[in-house]
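So, here come the structures, one by one.
Shared between the two complexes below is chain A, which pairs with chain B and chain C, respectively.
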Partner chain A sequence: MSEHADRLLTLPAAAASASRSRPTPATLRLTAGLAILLLWEIVVRALAPAYVAKPSGVVMAIPHVIVDPVFLNATRITLGAVAQGLAIAIVAGTAIGLLIGRSVVADRMLRHYVNGFYAVPMIVILPLVTLWFGYSDAARLATIVFAALFSIIINVADGARSVPREYLEVANSFRSHRLRMMIEIVLPSSMPYFLAGLRLASGRALIGAVVAEFFAAIGGLGYFILYNSRTYHHNEAFVGVLLLAAFGVGFEIAVNVATRYFLPWYRRDEPAK
Partner chain B sequence: MHRILSGRYLPFALSLIAGVALWELAGRNTSAAFMVPFSETMLRLWELAASGALAVQFLDSATLFITGFALALLIGMPFGLLLARLQSLRIALEPYIMVLYATPMVALIPFILSMMGFGFAPKVLVVFLFAIFPILYNTIEGARSIKPELIEVAQSFRSNEWALWREVIVPYTLPFTMTGVRQAVGRGLVGMVAAEFFLSSTGLGQAIMMSSQNFDTSAVFALILVIGLLGVGLMRLGLTIENRFARWRD
Partner chain C sequence: MVAVSTREKLKPMVNSGNNAIRIRVRGLGKRYGALEVFRGIDLEAGDHEIVAIVGPSGCGKTTLLRCIDGLLAVDSGEVVVDSERVTSPIAGVAMVFQHFGLFPWKTVYDNVAYGLRMAGISRAEITRRVPHFINLVGLKGFEKAFPYQMSGGMQQRCGLARALAIEPRVLLMDEPFAAVDAQTREILQFELLRIWEQRPTTMLFVTHSIEEAVLMGDRVVVLKGRPSNIHETIAIDLPRPRTRDTLREPRFGELRERVWGTLMSEARQAEFQLGA
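Coming up: the complex of A and B.
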């Protein structure tokens, strides 16, 4: 290799060595994660009583908790309730959202109520819900629906409002039926908004399920956490928290993937609110 | 008819009247333990306000909310901006902040209860935990929106650290931070009520629980209305602040 070529090569080589000295994102994240766990372990060992959850304890607890039928049953119950509540909220929320988004009158009549209920801290309805439904599964379901419904309505309405006018004009000039236009034009083109709403709603539904279980002492993952932490089994209880976190993150990722996979035409840098 | 209903204030007034009428009718036609008409709720609200109990409980709740929320702002905003400046730190901590943002924080309340007991501090911690992660999460989102070229150009013009913050980092991230602040207001309010329900009972949360246990349904409705309106008001305030800063976005 000539001297000339060698000199030409120094630039990329220097850049390469610079990037080698700078750690990759994965290394950075792994280091940070280990540092956080180590710090947690040290602080708890040094300062906190023995029952407090620490990483080593949680890891030791995982194998026996995840095969514990009580834990599995609690998870199944809570997730089932969340799925059921979300299904109700999706059907009702989409119907109301489409109505608000496409009808000025409905918008003016209902918008304030929807925004108002959305802003109400959902946890505050628990005393009322338990008064109405008793300390039962129905109370939890009602809380989940209340938690999830309004973010779906708001987002579907936003989506229905944003349908390009030309689409509807073309459909109109071909004398398309209103209901058909709703199902074939408005609904698909508000899908990205719906998914953004669903992402919010699923997070809120999960919180709704947990607070309802805390409040009404109904069996489920939230109650599992409450019971175990009250009996000073913090490590076991924390496995429940990890699972909840996994579901929270899982919903988020699932919706993002679904948006990219099913709606490849949707390109907006700003996620819909 | 259509034109009248698509105006601005009249439909709002009409829908408000219709809602109140519906509430009144529903309340009159069901058992008193189940639902209370609007008029009775208002009467009970007036009683609670006149006795001074409401003001005391409101102040209790407000102190808790403001303390926790202020701490979240004071820690969350500078830390978020620091993450915007220090790219490696941001990349390292990003996934953990995202996970904590998506975790239902309410699940940590039983741990806080058995470690810190009943007092003011654990409740402040709950509000703080509910409020800080939306602020951090959105600030990071803003930090990602800064093009690296902007910082490179600024640095190749020998911009000093102060100018870099003033001209690039803050203007680019603060609008996103404000979106986080708006979300944090809503979550912080949930945290406030959750702390008052599940930790030592005080404030508006305690008032609601006690009324519910005494089957004083009219007080439950009155207090839910108060907290609901508080939520709406704070959400409005948050939106106003967010929109003020949104103009900075390109």
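Coming up: the complex of A and C.
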């Protein structure tokens, strides 16, 4: 709106010069990205051995990597495990979070343990997890759940704690039972917090999966990257890295789209992009 | 200290609440720690009677209403609605809140249906009743709107529909129009009177607007003091149905002045207490 007003107040010539001197955000983003890639390309070509990944090499590697059954299988395994682990973390984390947020007893019992586990680097539990579950898919799943669970618990508990009193008052006045109040009032009211937790959890879940694959040598995208790096296929390894980054961005977009669709009442001030 | 009951003065032409007593409040007292909010409140409301409760801010009107709804525990005395002692919210009593209390994630339809679902009403009955009450409050066409898409006045219409939908015997109104602008407030007052004529219920109406109290009430109860109790009960012998014309009647002006005078004596007294 203010842009529109600006345009009304500015002469065409001045507007044109303003747009020349101030490029759009997209242009800036692209320019910076290309500059970094170019610098990377130059530095590697000038200083590094031939097997070190460089942008042109990664681009050239994309076509044959993304049809490689090994790569596709690794991707399927890792993302499948992440989805599974996130699902477990969402269900368990939401239930525990609601409990901690609404019950003083549960809060006193669990709060410090949850915060403590949240702060523990997930890599340190890996030796224990492999002892319990072996060098297996289960070990990776456990690592993912451990990585994702606590950020969801903490955020949902915060959300449940900060349910406006008015909502609870209305629910009480209409004689809602406690469990129904949890599901119908506390849970939807905590959704914005839950989504914040989910964003954190998705990133941590991905890290958890890759860490488990690195250190327990379980097949998957992390292992694909590790294997290719160790065998001097750095360009191929970077295609895997790119995919992980794309997954992070894609998940964020998916959460935003889902938020607009399922929670139209939340973040209503933000214009749809 | 004496709660003056003026019910017997009511003329037959006005709504006398002649049937059974619906709400009986006896010796009600409430304190928040060291702060005693009110003490020794005696109050009755008959069937289909509207009792307006006014008082200066902070006198505990809203707290009193929450105690009567069973949302707050009382420290002394008791609240009985239709021979049922209130210790937590009971069936057949609905409250309309100053803050509207709509759930932002629910549409108008779902907000209105909420009370019915909590009351365990059948699905078929809910789909029958909800549109009816949405129409009654003038929100037809906004069934799928979310609260954030509506003005304050429309939100309170929704809050009213939610309360009316459970077909309560008793309606508790907690400064329902205090958060909407003056014009909307006036519109909603007459809407409420129109709806009440269609389906009369017993109503306790808490407000800080003297005019609103006189317009709505069959009686106006004035709370005073710290801790507060009922200073005076004034019978409002204005005929029903009450409409915009009621505001122009000389009797309306007299009654408004009467309540105003009662409240002002209270305000002056409070000022003295503060000054001392």
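We adopt the following convention: the second predicted complex is superposed on the first by the 249 of 273 C-alpha atoms of A that agree within 3 Å, B and C clash if a C-alpha of one lies under 4 Å from a C-alpha of the other, contacts with A are read in each partner's own complex, and residues count from 1 in each chain.
The definition used in the following text is that contacts are C-beta pairs under 8 Å (C-beta built on N, C-alpha and C of every residue); 3 or more make two chains touch, one makes a residue touch a chain.
Only a predicted model underlies this, so the values are computations on that prediction, with no experimental measurement involved.
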Which superposed partner A:175 touches (first chain B, second chain C, both, neither): second
Contacts of A:33 with chain B and chain C, given as first, second, both or neither: first
Touched partner set for A:230, first chain B, second chain C, both or neither: first
First, second, both or neither for A:261, with chain B first and chain C second: neither
Residue contacts on chain A - larger count, chain B or chain C: B
Residue numbers on chain C that touch chain A, as the complex places them: 69, 71, 88-91, 94-95, 97, 99, 101, 103-105, 114-115, 118-119, 146-148, 166
Parts of chain A lying in touch with chain C, wherever the complex brings them together: 166-167, 169-176, 180, 185, 188-189, 191, 263-266, 268
Residues of chain B touching chain A in the complex: 2, 5-7, 11-12, 14-16, 18-19, 33-34, 88, 91-96, 98-100, 102-104, 106-111, 113-115, 186, 189-190, 192-194, 197-198, 205, 208-209, 211-212, 215, 217, 220-221, 224, 227-228, 231-232, 234-235
Chain B-facing residues of chain A, complex: 22-23, 25, 28-29, 31-33, 36, 48, 51-53, 104-105, 108-110, 112-113, 115-128, 130-132, 203, 206-207, 210-211, 214-215, 222, 225-226, 229-230, 232, 234, 237-238, 240-241, 244-245, 248-249, 251-252
